[in-house]
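Structure below; questions to follow.
For reference, chains read A, B and C in written order, and residue numbers begin at 1 within each chain.
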Amino acid sequence: MTTVPQQRPTGWRKRDKWWAAAFLGPQVGGLLVFLVFPLGFAVVLSFMQWDGLTEASWVGFDNFRAQFADPEFGHAIWNTAKLGLITVPVGLGLALLIAVALNSVRGKTIYRVVYFLPVVTSSVAVAVMWKSILASGDYGILNNTAHDLFGVTLPDWLNSEQWVMVSVAVVTIWSSLGLNVVIFLAGLQTIPPQLMEAGRIDGASPARLFRSITLPMISPTLFFTMVVSVISSLQAFESVYILANPAHNDGARTIVYQVYDLGFKQFRFGLSSAAALILLVLTVAVTLIQFGAQKRFVHYEE
Amino acid sequence: MRKKVIAVLALVLAATAACTGSKGDGTSADGKVTIRWATWGTPEDLALMDEFSKDFMKRHPNIVLKLESVPDYENYHPKLLTQLTSKTAPDVFYVGDDNVGKFVAAGVLAPLNDKLASADSQSKPEDFFEGLYGGAKKDGKIYGVPNDCNPEVLWFDKKALAEAGITEDPAKLHESGQWTMAKYLEMNAKLKAAGKAGSIFWNWYGSTYSMISGFGGKVYDGGKFVATTDPKSRAALQTLAKGYQDKTFLSADNLPEGQGASTQFIKHQAGFYAGGRWVVDSLQKGGKENLANYDIVPFPSQTGSPMAGAVAASYLSLNKDTAHPKEAFIFLSEFVSAQGQAIRLKSGGAVPSIKGAENLVTSAGYPAHAKTFLDVRDTGFANYPEEVAVPKLTAEINDLLMKVWTGKVGFDEGMTQLQTLVSGKVG
Amino acid sequence: MTAVAIQRPPRRRVPAGRIVLHTVLILGGLTMLFPFVWMVLTSFKSDQQMLLNPQEVLPEPWRAENYSDALTAAPFARAFWNSFYIAAITVTGTLITSAMAAYAFARIRFRGRGLLFGVFLATQMVPAQVTIVPLYLMMSKLGWVDTHLALIIPAMVNPFAVFLLRQFILAVPAELEDAGRIDGAGHWTIFWRIVLPNIRPGLGALGIIVFLGSWNSFFFPLIFLNTTELFTVPMLIAQFVGQHDLTSYGLVMAANVVTVVPMLIAFLIGQRRIINSLASSGLGGR
């Protein structure tokens, strides 16, 4: 990231901290009230037993121990990981592929519009649409057609333990693809044409050009979208909650669903907070690892 | 640019001012009292509630009713819990039979005995069937009044039965005292042999405990969970497990979306379907001409004489912290009164929980033996207080049983786990 | 054969690669469109037709009543207005406050700046579900439960927005500001007159993202709103999905179409600006 030359008259310096306070005030104030305070509340709760209605009692690290011993929490972590492992590489890979293809054809606009449509569609509406497609049996057009035309019986996408996360991943990719394509397209357009031309004159194959020029040049964009997608897949909740049936299908249980289930369904807010804090630590760790790896893979122009 | 921004800001302020209504204890300057009450429901359900509200406010000009609805059952209790935690819950609210025990234990519901017994109450405690109180009654204190109910019966499809070569009519057998478990299981076997499903059950206490009761077994005895130790109960569970595994029984929860229980039943792919009066709504989607194929019968018993079956219920409760207990109770008692239930239930969906509104069910003329709903209700039982006192216990029992039904856990192993699960959480 | 080839005039031929490319893109595009098409078709079907096996593609007959039924069953116009103005105010508030904070992080030197920025980024990772209970307690103390303020104000706190705008401000040439400073302009003037106009693409992109986030939000409105008149669009659709196992798909889909179409039209009208501003932001670390 860029550094800014700092050559300011010294008189400025003195008043600066007041200016900083004024400029930061609204966001920092809001952050303290709406994020830091609730987080502190959760930290305290994670050491307590509380049903939301009666007196809370102190239980030390029991909640954390209970979560680590809970097989459902294990499921939740595995399912969440599965979702991330599909949506991030496949989703970003597809988006990049489409962006590269779009970058070299005419008639971009119509494609861009089509790919972007799902982005402006609300997640509840998306879920309703996809449910009618993925339902197995008579209503689900996908399985119905496969059965009638090819005599194949496809799995029950949304109710089977093995397939539900794959289905959620497909829908997640579908609905976020457009945004990533647009972002990548923008990244691609910043690559100087001379660079590609020079490569071509040297006789490099398209695959080679992609690997040696395109990829390094858009690696900062790729990195940013990756960090964002990883965080959002670690926090997946609405997608499974609306689309699948995590209450009855262990295969659809994500970590945030576990947090919700423990707190609001089972009235065990201590356990719920403990699960949430474990998730927070996990998210921070994964993000830090990505930032660490960034130095090796991301190419920043000076 | 600055002017534009200022204009936008002004709009923001105006709009925020507009959407922050006055708050308070619900008493306005003209002496009107606002009673907030909450339920879940589809737009159609809510339209009927609205009709009741309008009628009520006409009769009580000093009370303004404010309905706060949540789209579905799944989201209702989480929200109610949040509101109770922060002491902002409505004055009167619905509670589902699977959550009522916990709210009773936490002491957030007002006891209603004295109020119900008072002169201005529209309904008395004994107007409601004893078995329906379930977890809403504790140590003789009533914490919620059943607002309506859904007795679990067996719907049967005459066409499917005929196609399987079954000539006897279950409802007629029941009338002559010959509707036995043996007969029922025999019919299921014939349906299976004809390439159909015998019965479809939802995996919930209503079906499971009705079967246990049909075998003459008990689920709880003296506060102890005995479903795995009572030999009759165990036999019932074993029959269910075996039936699920050889596909004589289907679990509606596991049926693919779109190939759901009602769909299969409408298409004559199953002989029996366990459910309440709400099944009528589903059957209607199959077209009017098809309706005549269906009728209802209670769950069978070992001897053929009627036995107690399960009834799904929900309760209307009074918030202990309400600022207007008097007005809130007037609403509550009218809502659950025979007259109130008549308005709400006129399009079907459920069965009145109060004595004296029977004609609502029988006058609809469908199904032919609609009276069976009333019979099951009169002697039936809501989910056990022991079970509903632990949040989510019922759900956990069902989840474990589902593993037994699908064969993921062996029967004996499953029973051991079930016993450990329940006795670990029930007193 | 070869002779003919040689005689062909040397005009540009369409490369095979291009055809493959378009085929792939078109197939991909159809995959993107299919759920929408299916939604519209289903919205005209009757319950009986949904029960047929095999499923028919076209509605028979076309049942427009699904639409009138859906529209009369729930207050859509009201919900649209609610969703719209909540989103609009959230966007305005987020843009102003986060641009200010971003300016401070990018252009004002103060002690602990790096640390504070780190904390900002980390709070982005707190799962929202864990904040519900304390947030609800706070909102009820403020008297904001069952008002749209409960949705608008917390949504304005947006570390991601601050991060994004900071990147944009860093890219504004410092010479511009220095020139302003020599003319005696203070931070506020520089921010308002020089920085903001120069980060318009960033503001546009962020505005769209925040708008969509607010428009689509389901869970928080569900918890915070009680009064039907205050409901937002996603809550109305949720109401249509039935309680029992036999959902009236035609009706649900009609309701769905009613909620999706206005957004699609708005998008189609403004698509060039929307996509361009998202694109020009690059949203990257550059």
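Everything that follows uses one rule, which is that a residue touches a chain if its C-beta (ideal position, glycine included) is under 8 Å from a C-beta of that chain, and two chains touch if they have at least 3 such contacts.
All values derive from a computational prediction rather than experimental measurement.
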| item | value |
| --- | --- |
| Chain pair with the most C-beta contacts | A-C |
| Reference subunit A; chain at largest CA-centroid distance | B |
| Interchain centroid distance [CA atoms averaged], subunit A/subunit C, Å | 15 |
| Approximate Å spacing (C-alpha centroids) for the pair subunit A, subunit B | 38 |
| Sequence positions of subunit B contacting 2 or more other chains | 78, 82, 85, 255, 260, 263 |
| Sequence positions of subunit A contacting 2 or more other chains | 52, 132, 138-139, 260, 264 |
| For subunit C, residues contacting two or more additional chains | 51, 53, 132-133, 238, 241 |
| Touching residues (chain side subunit B, partner subunit C) in the complex | 1-2, 5, 8-9, 12, 15-16, 19-21, 23, 36, 38, 41-44, 46-47, 66-73, 75, 78-79, 82-83, 85-88, 90, 252, 255, 260-263, 266-267, 278, 281-282, 285-287 |
| Subunit A-touching residues of subunit B, taken from the complex the two chains share | 74, 77-78, 81-82, 84-85, 102-103, 106-108, 253-260, 263, 391-392, 395, 399, 402 |
| Touching residues on subunit A, where the partner in the complex is subunit B | 51-54, 131-132, 135-140, 143, 156, 158-159, 247-248, 260, 264-267 |
| In the complex, subunit C residues that touch subunit A | 18, 21-22, 24-25, 28-29, 31-36, 38-39, 42, 50-55, 97-98, 100-101, 103-111, 113, 116, 120, 122-135, 138, 153-154, 156-160, 162, 167, 170-171, 174, 178, 181, 186-187, 191, 212, 215-216, 218-219, 233-234, 237-238, 241, 249, 252-253, 256, 259-260, 263-264, 266-268, 271-272, 275, 278-286 |
| Contact set on subunit A toward subunit C in their complex | 1-2, 4-9, 12-13, 16-17, 19-20, 23-24, 26-28, 30-31, 33-39, 41-42, 52, 98, 101-102, 104-105, 109, 111-126, 128-130, 132-133, 138-139, 141, 144-145, 147-148, 174, 177-179, 182-183, 185-187, 189-190, 218, 220-221, 223-225, 228, 231, 235, 237-238, 241-242, 255-256, 259-260, 263-264, 269, 272-273, 276-277, 279-280, 283-284, 287, 298, 300-301 |
